Structures are given as structure tokens and as C-alpha cells.
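To start, I am sharing the structure in question, which I have written as C-alpha cells.
For clarity, chains are labelled A, B, C and D in written order, and residue numbers in each chain start from 1.
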Amino acid sequence: MLAEIKGLNEECGVFGVWGHPDASQITYYGLHSLQHRGQEGTGMVVTDGKKLKGKKGEGLVNEVFSAEDINELNGKAAIGHVRYSTAGGGGYENVQPLLFHFQSGSMGLCHNGNLINATALRNQLEGQGSIFQTSSDTEVLAHLIRRGGYASFKDRVKYALSMLKGAYAFLVMTETELMVALDPNGMRPLSLGKIGDAYVVASETCAFDIVGAQFIRDVEPGELLIIDDNGVRSEMFAMASNIAMCTMEYIYFSRPDSNINGINVHTARKNLGKQLAFEFPIEADVVTGVPDSGTSVAIGYAEAAGIPYEMGLIKNRYVGRTFIKPSQSLREQGVKMKLSPVRGVVEGKRVVMVDDSIVRGTTSRRIVNMLKEAGATEVHVLISSPPIQHPCFYGIDTSTKEELIAANYSIEEIRQMIGADSLSFLSVEGTVKAIGRKEVGDTCGQCLACFTGKYPTEIYPSSIDNQVPTC
Amino acid sequence: MLAEIKGLNEECGVFGVWGHPDASQITYYGLHSLQHRGQEGTGMVVTDGKKLKGKKGEGLVNEVFSAEDINELNGKAAIGHVRYSTAGGGGYENVQPLLFHFQSGSMGLCHNGNLINATALRNQLEGQGSIFQTSSDTEVLAHLIRRGGYASFKDRVKYALSMLKGAYAFLVMTETELMVALDPNGMRPLSLGKIGDAYVVASETCAFDIVGAQFIRDVEPGELLIIDDNGVRSEMFAMASNIAMCTMEYIYFSRPDSNINGINVHTARKNLGKQLAFEFPIEADVVTGVPDSGTSVAIGYAEAAGIPYEMGLIKNRYVGRTFIKPSQSLREQGVKMKLSPVRGVVEGKRVVMVDDSIVRGTTSRRIVNMLKEAGATEVHVLISSPPIQHPCFYGIDTSTKEELIAANYSIEEIRQMIGADSLSFLSVEGTVKAIGRKEVGDTCGQCLACFTGKYPTEIYPSSIDNQVPTC
Amino acid sequence: MLAEIKGLNEECGVFGVWGHPDASQITYYGLHSLQHRGQEGTGMVVTDGKKLKGKKGEGLVNEVFSAEDINELNGKAAIGHVRYSTAGGGGYENVQPLLFHFQSGSMGLCHNGNLINATALRNQLEGQGSIFQTSSDTEVLAHLIRRGGYASFKDRVKYALSMLKGAYAFLVMTETELMVALDPNGMRPLSLGKIGDAYVVASETCAFDIVGAQFIRDVEPGELLIIDDNGVRSEMFAMASNIAMCTMEYIYFSRPDSNINGINVHTARKNLGKQLAFEFPIEADVVTGVPDSGTSVAIGYAEAAGIPYEMGLIKNRYVGRTFIKPSQSLREQGVKMKLSPVRGVVEGKRVVMVDDSIVRGTTSRRIVNMLKEAGATEVHVLISSPPIQHPCFYGIDTSTKEELIAANYSIEEIRQMIGADSLSFLSVEGTVKAIGRKEVGDTCGQCLACFTGKYPTEIYPSSIDNQVPTC
Amino acid sequence: MLAEIKGLNEECGVFGVWGHPDASQITYYGLHSLQHRGQEGTGMVVTDGKKLKGKKGEGLVNEVFSAEDINELNGKAAIGHVRYSTAGGGGYENVQPLLFHFQSGSMGLCHNGNLINATALRNQLEGQGSIFQTSSDTEVLAHLIRRGGYASFKDRVKYALSMLKGAYAFLVMTETELMVALDPNGMRPLSLGKIGDAYVVASETCAFDIVGAQFIRDVEPGELLIIDDNGVRSEMFAMASNIAMCTMEYIYFSRPDSNINGINVHTARKNLGKQLAFEFPIEADVVTGVPDSGTSVAIGYAEAAGIPYEMGLIKNRYVGRTFIKPSQSLREQGVKMKLSPVRGVVEGKRVVMVDDSIVRGTTSRRIVNMLKEAGATEVHVLISSPPIQHPCFYGIDTSTKEELIAANYSIEEIRQMIGADSLSFLSVEGTVKAIGRKEVGDTCGQCLACFTGKYPTEIYPSSIDNQVPTC
């Protein structure tokens, strides 16, 4: 499954609110609902209209922020971030939002996604004497804004955004306004909502539900929203082109209760399951999914195929960085860390096991093995995405082709390697159809690059070195 | 749902292992898999055959134990405990296992469940000059063992157990043996397993799966297992009588991947759902469950009724004691703490919502309201247990009859109070049948006291004051 | 110096207050002023007249208690303790006060000193079925009180105290009274004071000065004070006999600003220095003292001898358990941990160095060496106590005779071992005279046992095993 | 005393080492010995010759660094800093050393002192697009180095230093060298030492003694030392001029065991005391000093005047930020936080009390009052410095003239305000003479600006706003 690559089962998330007296509390709950997008660190910057202050740290939202912190972070507006991993430079400094104080005012920034020309821009800026405090791509935007020659702050931001290439959702906040931007290809989800008179933005709509906000609309590719005490204004900083929402957002990253561009993620996954049932009917006794992303798919498959859905695998909710990992010898004796099989459900049964993807194959082999040891007589593996055969430059750490099992082996070879009785991947067409976006074009507005190798943007030479996401 | 009573959504859990070189690690993972039974505190006592040492604290397993702790707790045997709540006396002292050092040796103890004659025994012992360090029932057993006049340690333990009334699973460990006991009515789950040459015991079989142990058998009511370097011996300290496993273990407390007396909990819940479909067919568009316990039931209902199962409610995985609760005003604005509705799934739909129980009704009203605000056109509430009309004296904090909505109002009145379009409770007979135990008698070996008022044991006057569980 | 024996440079301290609305804060500052008597752990028990609650932990007073703790420990009375060392059983459990809850009420206890019949009493009590939670002598008193057959609580306490042998100051508090007792030989300092209408008791009078209390009088040997809302009453639980205040309290343990039985400690030390000048006139350029206890002595010597006093040694104020100790190789390269020489003061000078005692001699050798490396041309060592040749059974961990250098070597041999140009110990008579107590008898009410071998109490066989102080 | 101004009783301290395999440990002990110069925060940057890494935090040296940290900070060279206060911008960011990573290498910096043109330089640099992460003056130097057009790193550093005005000691470290600089007026102490083949630098020589290093020489005003694997080279970045060592370093800031420009601080203080005895002979019974800085002075006075020195005041060693401050009501009831009088020493006596300075007078009034309440019949206050009548722009937070009591009242008025029986300040000439530096000129190389108003450097308009020290 996609989670087997470190740094891949998380994707960073952003949240912002303007105009609410409990801005820091709202952001706390919003970030908590986005915790699945990043568990390595989190932070928040607030403004009371006069100054900016912030708190950040390594760990989960509830570990980093105490009740006292949230009280002290009083203000009418806030931006926050959950960070996915230490890859690409860990540590306190790289936790976002970044907060900069100038003699003329302050600025907080955060983003998710990946800039493919970050290294080039940073080289250029350091050559001009800029000092970077972090290895975060976010800081590149800050320097671009400060260097930009334009008179107004908004124009400086638009200039700086126009220099960036890649997939990103950016929040920039000053004492008097909150700016919200999405990359011109619209590769990351980003939505606008309302709670009373206050505006909220978030990487996923599930954050709106948890804070009681109403969804207004998605942010458009290339759009810059300027939110202040007068409301929301929209400008474009670049032409939208070649819309390419990351398909893995539907398949793996997002929470089932989120809607991405109007499509509910749980529903999309159920439809992927139904499409799998259409493409690959299997004779079996039970259907089970690898939690959490495989669960909805399995339910859809079960419904369409008329085979009972059962909880054949349970996820152990280990918590964060402090959890002790079993020693190698214990793992060999069968100590499980993340998943346990449910013997009472799979024993003596022919099992269909649904997972979101196969990257290196080691996890799939472990799960198949686990089910067989628990008594499954057959294990049929269904994958709710096509084979991943090409690296991602937009935020998923699929590194080099060497590591991608599907780039190097046939499906039959992979089946043997993971020990399954059968193995099937959903077709590219089936994936696009099941998700069901309405955009014009072959991909219906999806990024399918990791399956097809057709990248929605130009690829820079330096991208090769910079493919580790640094949201 | 049952979780709405504080101290009720957790039930304490015990774990023990004898004869494994990594006893403390094994216990760490075992306790982690039982974390759903108690999140307030946890502890462990280990022995290397020569002395006992321990660590305990308030918080989750991964918060209390560091890698360094687990290393220092080296030994060949261990017992551990997860504690459910501060009710009945919180604080460090009451976290289990208790560890006592005597000049003649040491003793560690832990238990889950509730003694109904604890107050009487404690009064008696204090009158004789005993000093209690905790308000835990566990300590009563310790004093009884030390006071007992018998020559052998085993006879002292048997004497002490014979004095206890109520529901309990007890672990007692010295430098040279591990003793395991279950109350004569068998009201709590407790199983024996094997991992290599080592023996393990646990409140639930899910702990065996996570540590790679094989299930051997359940501990019998009234049985005392003595485990030492020579293996396991079994003796009876009391006649088993009136077998009465807590029904709520199937319906609510246990993990779906556990088996209780041979019956898988997920399967039992699916069957409760099918039985609900049989007793209460409803015309609806989607079926959803209140996680976690309601999920399996909903899947069973959906399968039997031919209505699609959907994730209409998402549980927010807030973490433990440090999580900040939303202020009253934010809650009124719609900030959710535990559950979010999935608008994309319920909007415009007639929803069947399945929950495990109704205690005070406030949570049910909140959930129904949440679903309607998210666009559900109808909300039909199905409860996978009969109405709770009588207090529990065996470990569930259902306090006085006054608090039990079903003891004071008709089903129709409750339906109006929670704002549902319909409300149905599973019948007592249906509950027993769906769970499907094979024991002889009306109740098939289930405790149904909270539904029927027929208690499986004598009830002591002091039980009235002692109904707060103190495992 | 005496500090070179672990567990010896600290002696535990007790503090109590009754009748003050800020009892916990008062106790916090009182304990802080007694911190030099114990740095391993500290605790406090308070009462609001209805119930007892407490907090304790390992570490310094300011580490264990947060502002929040002190607020929560609201009440009108409190007792507190600072604990000296892990010798004799460390860990959270052994930190005092101990707090016991009975169904009939609660009781907090703490003490400093050492019981010489603790092991015998504990054996007896365990044989009767008592369970000890700690290895602290304090708990022995608790069990004796609970076991005692007397009707009134006061009589039970008096009975229990009458069973104890050794040196001790005890505080026992219930919801309604504070009891204060000193051993019949008066071997430990314990004083009574007043702050407004509230009464305070403390191991040293310096605690009165820091909290703004007025000294009333010392507690008498064998006296039991009962303090409650009606004031103070005095009763005797034993005849005072053979008064024997620990001489090391003047020489080493107590703070210079404390008065013990009417004699100021700094003044006593200055007089010890003057007596040294009288007994051992030395031709030298500067006089310096080993801080902290040697400083006053050195000032007295300098004044009497007409040689300038200088700060030739500086104490590095390392803080508690978390301070990292230098590795052996660094120590050999000259990294200092506790004391630094002041080169600018000793270079090229003949130095008189005053210390409180020599136990094993290793520290003295190190200091002499340090001064010579810093350029001292001669180092004359003067000790403000007679040679320690006999073990202490009353609370000082001077273990066995084997470890006492003065029990095994002549003064000339010790001089050579420590590398001093001369070495002199104060005479026993000079020590008694300089301190200047007015009690009748040879020792003027001092315990001189470690110098003379004449013990003020009977010595039990078990004392040999129990000489590790367990206050 | 000087300590009564927050931010004034601490002055920051720097420590560096190059060429030692235990560089981080050495720095740990060195910083600990400088702890009196700053207790708000501390940090360390180390290099192993290939990369730089660091750790910093708020709190004391032993709170910020764990043994694990020191192990991880392995390397051959290190720089470290202790920070005095939150004035001028607190928080984690401002703790030093600052550590910057560039794609071409890394750089660590720290300094103590105060730049009087920092605001002007910062304005200029921000105008050019630089982003400052901290409000620390240290960062100004970093940007100047990066902006400088010179080819070699050393020339960039010299250029940057030449832009700075004020009092400072700077350490700059890269992977390959350690650069050490002192301002051209030599206003702060900074010394060079050797430990084996390794070089060390420190704000005070007491740090050399604690790590076993040998003093080589003081760093010269305007000098830049370049230390690398080839040894030490010296260059000048500016002409030394108008040497003006802060007089308060002798009187108040430094540890008594340090030597500043060859003069021992304890000795200088004793001489100040002797000079006071010469200028102000007083008929009294005892002499006492306000610890710590007043102690040596009092000893000198006592020696010269032939009046006994006694410990009339004791300092309570409260520890750092976590210590709970007494409430106002408790303070009024006499709870002491920092100083306690020693009743046994002052009762019934005519007392000479020696302190280092009077700033606002409130502390002096409190101490005089405390001594009188403890029974002193007369209290004569002697101050070991002239009246402070002018603000300091070089690092001492004496703010505006309005706050300086001696700038607004006559000595007789101050005497009445503090309730003393007499009050005398040392003369300017006496101060210079007692310290006894050999430099040519009226001030003998001392800065006397706060007494005389004659500033050793040009004063910039912006200094007025920037007089809060920001080391």
C-alpha cells in the first residue's frame, strides 16, 4: 500500500480562518481533522490585527498545543499547518507556518505540495545575500516576496507566486489580510468555507465539518484569494492550465468524509470498488480492505459482487513518534505493529483483500502472509489504482524508478513475490471513470503521471534532486 | 451510545506473560492492543526470577512507557494493566498493577471488573489495623492474601479469592509464579495463549494476535491457573455457577477482532445487525453506524436489508487527556469533537443510523441532529441492544436508575426526545440469539441484568455505594 | 569533607504549618529554605479541615511543585519534607510525606532521622499481616498507630512513638490536627514558630526567617505537640534523657543562618575557627574555607589569627539530578565539577585550607592537589571537627569502620595521603567549648559518638544492618 | 543593588573551543561556569569539520542539555552562549548561537554586549530584502557577512565587524575555523586559553579553571583571532582606541574567581572594601555584605576597619524560571524570596551593610528594613561604586534617567528613602584606584560613563531606543 513508503502516507495540510474571535481554537480543531495528512509537526500563527504570534513544534496537534497555548494565541485570524515527515529536512525550524518579523510588520506563511524549481530559486537568492533559516520550500516564497520590487504587498505576492513551479496550496498572512493561492494546475485540494461571518480555507472539506463551517467553493487553479475585514476578493496570478488533481488524493490521502471538487472521497472509493468488481469478478467468501483507505473500496466491491464484507484486518492505532517499535526478533516471532488479522473472520475462507496501491511490495507480501497464517485458504489481492510505474515530482516520495516494483516486474511476477492467489490492478480508464470528474479531456482533470508517465507540467532537471516533498 | 457515560466506554484490561526473554516488550504490545479498554493509566510489573520491579503512570501505553523503561524492565515474566477512568479514585496510586515488597519477597497484582463486597471487606481489614495505600479493589485481595493463615502461597490466594464477590479477572505474580483467576460466574473475558514456550493471558484475544501468540483456551469460571517455569497447572477455587458473560462485551467493549468464548466480536455484531434487519425492516437509502461499535452492526444490517452501507459518520481520533475540549460557545456553533457527519453521503438521503445503546439519550440526540443538519431527510435509529433499564453492579458505571432514560420513558417518548423519525431497540431474545452462545439456559450464559433486572449474583446492600467500577 | 560520602551531605528536613490560608505556599518556601538538607525528592500533604491531599516527586522543590500544584493544594495546614538520597530505597514511593486514606479519615506523616529498631518492628508487623508500601521508616510509625489498641488518636500516636528507638523528628497530620514529636535524646533540631495566628514547625529556624515567622521555642526531647484550631498543647510521650544533639548539625548540616538550641550556626562555626587558631597557629599568607560549611570557620580563623581571609575555592552551583557528570578522561584533564580553585588568590601563597571533616580522605587529597596546581606554595589543612573514628547509627551514612580513614590511620599518615604540608583536627574539648552549649555534663548536650564511640542510646544488633539513614 | 533591575544582573556569556575531541562536553562545563551571566537560555553549535549542528533552548545549561544531546553534539569544536533575559525579544528564536545553513556551507554565531547602531543597520538590510529571523543583534552581523562583497570569508567578517558600533565579544564558527572578535574599546572581557592542544575562549577566566584550561592572554580590543587546525592567528579589524572596560564587570557581573585584564575580581572587590574603609570609617559591631557581589567587599572592609565580618544576609538559591514567586500578600507578611537576614548575627548590633550599587533604591530599602526587623540597632549602608547617574548604552539596562534614583535625589534624600542610619558611595577616584588597572589615562581603561556621563564612544540617536541589551 502507499503507506509503505515513508513520507508518502502523509501529504501536509493547511488551514486558515479570518474574522472569528476564537480563531486559534477553530484552527486547532481544523488541524486536528487534517492530522492524517501530517503527523511529524504542526504549528499556528495568529493575528489580532496588530501583531502576529505563533507556536509550533514536532508532534501531533494535541501534543504541540496546550490549552494555555491556545488561550495565548488569541486573535481574529490564524493559519496553521500539519507536517508530514522529516524527509527533506526535519527539526523544529522546518515546522510550519514560518513567521517573519520585519520592522515594517510581520508575515506568516505555510504551504503543502512540492515546488520543482525550489533549488534553483534558492541558489539564486543565496547568491544575492539572502539567508535561509530553514530547508523548507515555503521560505523561498518569503524571500521572493521581500525581494520583489513591486509597491503593493499583493503585487509582490503575485510576482513571487508566478516564479514558482509545481504543486502547491499557499497561505500567507499579515496583520491585515490572509492570502490564499493554488497552483495553476490545481494539483492539490483547497477549499473555501464560511462559519458565521468568518471565512475558512482548508486542504480538505472534512475540516469544515468539524468546525461547523459551510462549504462555499473550491479555490481555482491560479487563483489568489485576498481575505480581510471587508470580505473575500479573487484575483488570478496565473492562467489555469492543464488541470491535474492528484489521483492519489481520492485513492489514498484524503479522509473519506472530504469532498474534492465536489466528489465525496468515500463515494469515489466505493465506486473504485464497484469498478474493480466489474473488471475483476472473483469467487470468494469474504471481502476485506486494508484500513483505512481500502475499507470503502472493499465495501463497494462487496456490494457490487454480492460477497459479504468483513473486517479481516484491524489497524492498531499506535500513536506518533513515541511508540516503541518491535525489535527484529520480535517481528519475526509475529509481533504486529500496524495491522492485525481477524482470525475469527478469515479462518477457512477465500478472501478478497483490497488495497490502494503497491509500491515496493513488501507490505503486500506481509499482509497476504498474515491472512494465510490466520487461516485464509485463498487470498486475492485487488488494487484500487493502476500500477505505479513513474516517479512523482509533486509531493509523493516515490523516489526513483528502481524502487517501484511495478516499473520493474510484470503483474504475474509481483503476484508471485507477494504470495497472492491472484493479483489485479484497476485500469487507468476504470480509475478515471470511477472517480467520475467532469473536466474535459482524457484525464478528466486528474494527474495520472505516476501511472502513465505523462506529467502535467514541464519537468526541470533539478526536479530529479528535489523530488522529496518539502511542504 | 454507551460511550456517553464517562467511565463506561472503557473496562480495564489485563495482560500477562511467563517464560519469554522479551516479557516487557511483549506486554507493551499486548497492553497497546487492549488500549480501548482503558486510557487513563497503565502499568507493568516484571520479574527476572529474583525480584519484581515495575513502572506505572497516568496516560496511554505509549505515553507511560519509554523505550528506556522497557529496557530496564527486563525479565522473563510480566503482568500489565490498562485502567479506564478516574472514577472511583484516580491518581498515580490507583494505577495498576500494584506492587508490594515484603521482607520475604514481593507480589504484583492487577485485575479488571468490580467487586461488590469490596467496601465490606475493606472495613473489616482496616478494623484489624491494615493500611490501604489505594482505593483500588485490587488491594483488598492483597491484604486478604497476607492475612490468610494458610501455609502455602497458593492456598492463601485461593482463600482470598473465595472471599470476593463480583465480576473479576485477577493476575497475581511473585518472583516464581504467575496466578490467573476468573470469577465463578465468568463475567469477564480472559483467555490463555502460547507464544513459543511462553504462556500469555489477556482480557481479549486480540492481544494474542498482535504479539503472535496462539490461542489455547478461555480461562474457566472459578478457575485458578498457576503458571511457572514448569508450565501451567489448573485448580478450581470455587464452583462455576450461573455463567453470565457481560453482554456489553460483545455489543460495545471488546475489539471486533477478539473472540469471546469462541465467538468473534465483529461477527456477533454483524449478526446483531442482521437480527435488527429481521426485526425492524426499514425503507431507507443508506445505512450507517456510529463508530466504532456500530460499524459492524450497520454492515450486517445493510447486507441483510439490501440497503447500501455508507460511512455517514466519521470518528475523530482525538488523543487522550491532553486534547483540548471545545468551549460551550464553539460547540453551539457546530464544532465537533468526536464525530463528524459525512455530508457527501447523507445529504438528501433517508438514513438508518445504528448505535450500540442509549443511556441518557443526549448523545443520540446530538447525532440525529448532526445528520439532519448535514442534509439527511429521515433518520431512523436502530439500537443493537435492548433498553438499559437497570443499574450494573459489575463494572459498568450506569449509576442510578434516575440517569437511565429507558428506565423512565417509553420508547416513543425517547424517540421524540432524540428527534428521530423512528427508534427501535433489539429484543432481548434477538440479542441472545444473534450473539449465539451455546450455554444451556434462558440467557445462554449471558448477563442480561441491565436489560432485565435479573442479576446473576446475590446483591449486597453496600453494592449500591460501590457500583462505580474500580478495576 | 563530610560531603564526600553519598547520602551524608544531606539529612532530610521537615516543615509544617497549621492555621494559615496559604499553607501550601508557606510550606513551599519553607521547604525551599531546607533544600540543603535533601535534594533527592520532596513532597507536601495539605488539609482544608475536611480531607487530605498531597503531591510528591523526585527532584528539587522547584522541580516537583508547579504553581498549579500549589494552587490545587489549597488548605489551612500542611506538612512537607525534603529527602536526602536514594540510599535505603529510592523511588517515588519512598518520597515523603506518606499519605494514607482510611474509610474513617486520612493521615499524613513525615520524619527525618533514623530509627535503630526499624527492621525489628517491621518484621513483627509484617508477621501480623501488615503490608508495607515503602521501605521508609516513616511507614513503621503509621502501622504502629493503626495497630495500637488505644481509643484516642493521640494515645495511639504516643504509644507508637514510645516503641521507636533512635534519632527522629516526626510530623503527623490528620484533617483536624498536626502532631509534632522529637526523640527523647533530642538528637535532631526541631523548632516551633508563629506567623500571625498560624503555627509553624521546621527542622531549622532558617525556614522561619524565609516565611516571616517568629521563633517561639525549640521542641523538647520526648515532647509531643498537638496543634489544632485551638492552638498548641504540649504533652510528653517519653522522659527526656541523655540530651545529645548531633554535633555535625553545627559543623556541617545546618544553614549558617539557623539557630540550634539558641546558638547561631554561623557563629558556632566562626568560634570553631577561632578555637582552631588557638589550638593550631600557623604561619601563612591566606586563609580559605571549603564552601559552604568551611567558609564561616575560615573567617573565624582569619580573624583570630590575623591572616587575610580569601575566597580560594569557589563552589560551582550545579543543579540536581540532571547535571551531566564529566567523564573520567575529562576529570583527569582537570574538568572540575563541584569546586574550582581561585588562581588569582592562591598563586604563590602559603594557604590555610579549612574543611569540616575528613571521612575517606579522597576529596581532601583532590582539593589540596587543586590548590597546589593553582600555585599555592604550601597547603595547611585544618579540620573543624575531631577525627571521625566510629560509625553513626542515627542518620549519617558513615557505614563501617573500614571506610573511615581516621579509624585506620594516624594523622601523620593521613597528612601524607592527602599531600598537605600540615594537617590538624580540632580537639573534642575544643569542639564542645567552641559550640558553647549550656547543658550540664561532659558533652554539654552534644552527641560526640562518631568521635568518641560513646553512643547516647542503647545500640540494637539490627542497627548494624540499619545504619543507612532512611528518613 | 544592581540586581534590582531586571535584565541587569546578567550580562550574557560566550564560550568556544577548537581542537578537542570532547568539544561539546567542554563547552557544557564552560557555559555552566558562566551561568551567572545569563539564566534565560543557552545554546551550542558544534562542528566535526564537515557540518555544523546545534541545540538551544530556554532555561539553564543543565535544563537545556541532556546527556544524550551532548553525545549527539559530537565534534572537535564548539561555540556556546548563555543568555540573560527576555528583554529585547525573548523566545526560542533569540537564544544563541544562531546557526545558518547555506548551500555552500554553514555558520554559527553568538555574541555578548550591545550594538548601538543595530537598528540602523537592520533597517538598511531589510530595505535591501534581507529577512531577519530573530530580533537579536547577532543576526545583523550574519547578514553583513553574507552581503559583503569580499572574496574571502575572513575579509567578509572583518568588513562586517567594522560596521558595528558598541560593546561586544563575537564568536563566528564555520566547518573549518573559529573567529573571535572584541570591540575596539575593549568594553567586555574575553580571554584565550589552552587545554592540551585545543584552544578555548571565554567571557571569563573562571571558565578556564573549571575545564582545566590554562590562561594564555586576553583578546585585544579590535582584534580578530582566527583559530583552526593550524593554530591561532591574530589580525586587527580596527584600531584599538579609548580602552574602556565596563567597571561593573569588576563590581558586579563577573565571578570572584575570574581575572579581568590580569586583575582578580575577588581581590578587586576586597580592595574596594578597603578603600571604603579608608573613605568612610564607621563605628559598628559587625560588617556584612549583600551576596554575592557584596561579600568580598565586606570582607575587605572588615579586614581594614578591624570590625568582625559576619554573614548577616543569606541568599536563597532559588532556581530559574520555574520557581514560584510569593504572592504580594505573602511578601507583605514577610516571605523572603532572595535574601534572608541572619537574626542570630545582627540582633542588637550596629551593622555595616555593603552593597554593589543603588539603582532605584527599592531593594536597598527592603534590605535595610529586613535587618532592622531582625534586630539591628543601626544599619550603615556602604556602596562599592559611585552613584549611577547616567544611562548605559553598552549592555546594562539602566534605561532612562528617570529611573535612576541617584540622578534625581541627593545622597541624604536617598538615605532617608531607604531608611539607613548612614549612606556612603565610593568616590570615582577611589573606585579606579581600588580596581587598580595600569592603563594610561584618567579612567585607567575603565568605562565610568554611568557615573560620569562621559561615554567612551560616539552615541547615535538610535541608541536611545536601543539601549536594552540584546546580546
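Note that contacts are C-beta pairs under 8 Å (C-beta built on N, C-alpha and C of every residue); 3 or more make two chains touch, one makes a residue touch a chain.
Note that the structure is predicted; figures quoted are calculated from it, not measured.
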Checklist entry - Which neighbours do subunit C and subunit D have in common? => result none
Checklist entry - Same or different for subunit A and subunit B, when you check if over half of the residue numbers at their contact belong to both copies? => result same
Checklist entry - Cα centroid separation between subunit B and subunit C, in whole Å? => result 50
Next on the checklist: Using mean CA coordinates as chain centres, what's the gap between subunit B and subunit D in Å?
Outcome noted: 61
Checklist entry - Could you state the distance in Å from the CA-based centre of subunit A to that of subunit B? => result 36
Next on the checklist: Going by the contact rule already set, what residues in subunit C reach two or more other chains?
Outcome noted: none
Checklist entry - Connecting every touching chain pair, does the picture come out as line, ring, star, complete or other? => result ring
Checklist entry - What pairs of chains are touching here? => result A-B, A-D, B-C, C-D
Item to check | List of subunit C residues in touch with subunit D within their complex | outcome: 22, 25-26, 28-29, 32-33, 35, 60, 62-63, 65-67, 70, 195-196, 206, 209-213, 215, 255-257, 259, 263-267, 270, 296, 299, 303, 308-311, 314, 316-320, 322-324, 326-327, 329-330, 333-337, 340-345, 374
Checklist entry - subunit B touches which residues of subunit C in the complex? => result 92, 100-104, 122-123, 126, 128-133, 135, 142-143, 146-147
